[in-house]
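Have a look at these structures, which come just after this line.
Consider the two complexes below, in which chain A is the common component and chain B and chain C are the respective partners.
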Partner chain A sequence: MLDIRVENLRKEFGSIVAVDDLTITFPAGSTTCLLGPSGCGKTTLMRMIAGLETPTRGEVYFGDRCVTKLSTRARNIGMVFQYPVVYRGSNVRENIELPLRAEKLSKAEIDRRIEEVVELLEMRHAVNASIEELDNGTRQKVAVARAVARRPQIILFDEPITNVDISSKLQLKRALKELVTRLKQTILYVTHDQTEAMTLADQIALMKDGRIVQYAPPRELYDRPNDVFGGWFLGNPGMNFIANFVDGNQPGAFLNPLFVRPLRLNGTAAGPLTLGVRPEHVRVYPDARPDAVRARVLGRAIVVGGQHLVTLQIADFVLKAKVAADVGRTLMQEAWVHLPLDRITLFGADGHKPDVALHYAVDHQSLHPTP
Partner chain B sequence: MSTANIAQQGEQGIARSRRSPLRAFEESRLFPLALLLPILLFFVALNVIPTIWMIGMSFYSYSLMSPAPPSFIAIDNYVKIYNDADLWSAFSRTFVFVVLAVGIETVLGVLLGFLFWGSANMPGRRVALTLLFVPMVVTPVASGLFWRLIYEPTFGVANYFVQLLTGSKIDFLTNVNWAFGAVLFVDIWMWTPFMILMTLAALGSVPKAELEAAEVDRLSIWQRLWHVIWPHGKFILMLGVLLRTIDAYKTTDLVFLMTNGGPGNITELIGLKLYRYAFASLNIGFSSALAVILLLIAISFTSIYLWVLNLRRYREGA
Partner chain C sequence: MQSTRARTTVYYLILWLVAILFFLPVFWILMASFKTPNDILAVPPKFIFQPTLSNILDMLSRPNTVPYFINSLYLSITSVSLAIVVSFLAAYALSRYKFRATNFLMFLILSTRMVPAAAFVVPIFQMFNAFQWRNQFGVLMLYTMFSIPFSLWILKGFIDGVSTRYDETGFVNGASRLHVMFRVVLPQVRPGLIAAFIFNLIFVWNEFLLNFILGGPGTQMIPYALAVGLVSAGGNIDWAFVASLSTGYVLLPTIMIFLFQKYLLVGMTFGTVRGEV
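Right after this comes the complex of A and B.
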């Protein structure tokens, strides 16, 4: 198995820097998602790894082998493009078969591999169909099958389900999930859809403006974004941000209307700090509690999964919170809000996470001993 | 703005347009027809009527050399053509000329086209391409004249080099063994650039993504040609072949200037034959019949092309 390593990789298109001196390793045998908004350079990065784009400078390695100067064909990878790319002149079976024939595999081996991918992608009914008869979703499946059947050590997916109609999207997503869990290859998957990245990835590289903002497993990236961008981009809606929450050099204990008890900072940072908390991590209660502050309910909406998205006002701060339907229904004008400290992230003035943690000024345990 | 408001505005818009006659004309069904009218008139006056006239003429005996008025002779002209051994040999000569010229031009054009396609980033490519197209943009009459001078045995450039190499000269245009090849060569020189252009256009019609996928999939060169490039490129390339076929088959000016059909009748192509009957012998009836036959042959080329490539399916993108 091969890992993919890029070193100081850079790509400029005229005056635009698409990929900005990236150094990163995508581990062997696992699925990495390159996640980011349109135009963040993720596709360019992938195309440079594929050899379809020449880097302005920097190197690409597959394992220990430097492939920067190699042609695409010499890199021996599989790739699925954003638009379903199929060979129009051939039927489904021929499409999958062509690369296998090019590898000079035996007839029996070719049949076995086609059988295998057709089974895996649930497309037995379409094997002998001509490409013209297929919808985009099935065409994309053909493209996936073609890339996978050859069993390259590295497979690249460039937003494979973005341009597929809604009805095929779900099915294709399920097929891809099945595929990435079964395949033992190194998979790199470009997407701007966070749900896709969350479901498929072993680790996510979050990209912005040609740089990687954070590189972590999905759960960690979601719960512990180390940059304002990660907090904002992930989640639906993204994080609540409370700007100027406290100064990074605050020496002693301080009070804040969001918290019942005084707080203190462990560590220091320059400039004002921003507090970030995800809507689903905000605890909301219909009745008063000793660890919760009172909030005014400004609005309510029902979101995916039957949850309620509640807009709350505490002093001058406005927070969004996601709560279960049964809680959401009981909330009238007032609610009590508790922000768990372990779910809170502080961001510095530059947007990055400083080396500062938020604590209660007096230990929680000593005041409320838990049984 | 409420929907009622929008509806009201829309109505006002329609009412206003009714008031202006120009606007009403623009929206009427006559408008597209009016735009088409000039070219339609042009087409009917200069294409349709002369063609019908010619077809009619082909059933008459009518010569500008004789004072007799045109007389209807039914298909006698066609019978005469059928029985004319000289014309048959001109047809077969033309057939050989077309097959060789178009065949060689296509092969060379495709090879050079691929070369230009593959060297997209080479410096000097544009200059080379421009130079290559010079023969195509020079009028055939001028090329014919130039080449007669180049082939000229006493001071021609070609013969200067032939003499350097072999010690003797070749009279290209009057030698029975060389004349046909010499004319063929000039046609190839003139029209290969056209096939390069068509090849480049054909290659340009192959979706870039499919070429990239073929590269990723490590398809062999033959697989790429046959499964990726040909299904997309065949329409334009074969259109080039069709245009060249029709064009080569009516080659007249080149042979007229270079050899005037000689030596003997070795380079006498059917176009030249037609020219002689019509404008040297002024035999209008007979030459009309011959022209009708040539027209039918050209139409059948086109039909075969459309049928083979199934153009309608291509247009629908199915």
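Right after this comes the complex of A and C.
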């Protein structure tokens, strides 16, 4: 198994910089998702790794081997595209078989591999079906099977689920999850869909404007975004941001209407800081509590999973909070809100996370100083 | 409901009338090939008659008839097949490597078919004389050349319709360019190949002028035979011969068109009306 390493990789299309001097390693034997909005350069990055696009400069390595100059064919990869590419006028087996036959494998070996992938993708029943009979979801499975059956060193997926109808999306996603867990292969998966990335990835490279903003396991990326973009892009809805929450050079304790007790910054940063907190991390209570501040309920909506999305106003700040249905129903005009400090992220003026942390000015530890 | 059905009936009635009107001469020729020379020109026309195979047997027994048929088959099928191979390669290149002036080049290639044959037959005659190409090979090359523009246009339309993702999927699956062309793209454009084949086959099959002027004994085809055999030794038109030869002559195109008529429309529109093929 090989890892994928790109060094100072850059791609320009005219005056547009699609991929901006990237250096990163995608580890062997695990699934990495390239996640980002349309036009962030994730597909271009993948196409350069596949050899379908020539980099403006920079190098691509598979393991120790530099493949920048190699043709796509010589790179021994498998790739699945956004639109299911299937060969019409032939059946599923022939579709999977075609590249295997070109490799001059023995009949027995071809049969064994086809057996293996149709098993893996649970499409045994469709093996002899003609491509014309299949829906897009199954066609995409055929394309996946064809890529996997060759046993390439590296498998690339370019938004394979995007153009599949809703009904088969979930099924295909589940099949892919099953596939990536069982293959334990070096897999690179491009998507703009965060739930897809969260489900499938061992680690996510969050991309924006040709750069990787954050590269972390899904949970960490979600809970600890190190950039405003990560907070905003992930989650539905994304983070609540309170701009100008505090000056980064504030040395002493300060009070903020969102918190019952005075706060203090541990460390300093330049300029004003923005507070970020995810809606599902905001704790909302129907009754007064000593650690919660009073909020006015501006509106509510029911979102996926029966949860309630509540819009709250505290002093001049407006926050969105995701609460369980039973809590959501009991909320009237007023609610009590607590923001757990360990769920809060501070962002600097440049959007990045500075090296500061938020504490209560008088916390448990300072009351009982360790000797 | 009632009026829709009435309209459909009238619509089909007119269609049938027009179709029969157009088919009448063909029908007359077909019937004539089974009539005795006296019955052919009988007034009023004889619809009930004793069919005879003597016309067809006479036609086939004439010394050059079988070679004419062989020439027709050989020249049309070979030249069109060659043209399709060349056109497919060219169409793939023009579709995938979009160099500058591709459209202009496509226009130039098609423009060779915009001049009527009568206008260029003399220069071609001179050229072929100079090259000493007035033989089967020369005529074969000429027909191949004249079959390329339409084939190229049809096939380029089709290959443009095959996403480059197909090529790329081939490459990432370890295929060579040739494998991609012939094993991946070619099966996708099969309807285009059939359309181009039939379309040009009919052209070559019907071609008379160039064949008549440039050709020699090795190249003469059925249209030539029809023209030459039209008048019998006595100065009369030999209807029996013309009818039976024509019947044999329309057989191949008729079968082809009947089998592949859905592709023919695609050919006539250069693959732009592609629908679900």
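Just so it is clear, the second predicted complex is superposed on the first by the 362 of 371 C-alpha atoms of A that agree within 3 Å, B and C clash if a C-alpha of one lies under 4 Å from a C-alpha of the other, contacts with A are read in each partner's own complex, and residues count from 1 in each chain.
Note that in this section a contact is a pair of C-beta atoms (placed from the backbone, for glycine too) under 8 Å apart; a residue touches a chain by one contact, two chains touch by 3 or more.
Everything numeric here is computed off the predicted structure, so don't read it as measured data.
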Next on the checklist: Do chain B and chain C fit side by side on chain A in the superposed arrangement, or is it a clash?
Outcome noted: clash
Checklist entry - Which of the two partners, first being chain B and second being chain C, lies in contact with A:R73: first, second, both, or neither? => result both
Checklist entry - Is A:R88 touching the first partner chain B, the second partner chain C, both, or neither of them? => result both
Item to check | Partner chain(s) touched by A:K107 [first = chain B, second = chain C, both, neither] | outcome: neither
Next on the checklist: With the touch criterion stated at the top, can you tell me which chain A residues are shared between the chain B interface and the chain C interface?
Outcome noted: 50, 52, 71-73, 76-79, 81, 83, 85, 87-90, 98-99, 102-103, 143, 146-147, 150
Checklist entry - Can you list the chain A residues touching chain B in their complex? => result 50, 52, 71-73, 76-79, 81, 83, 85-90, 94, 98-99, 101-103, 132, 143, 146-147, 150
Item to check | Residues on chain C engaged by chain A in the complex (per definition of touch) | outcome: 163, 165-166, 168-176, 179, 183-184, 187-188, 190
Checklist entry - In the complex formed with chain A, which residues of chain B make contact? => result 207, 209-210, 212-220, 223, 226-228, 230-232, 318
Item to check | chain C partner contacts - residues on chain A that touch it in the complex | outcome: 50-52, 71-73, 75-79, 81-83, 85, 87-90, 98-99, 102-103, 143, 146-147, 150, 156
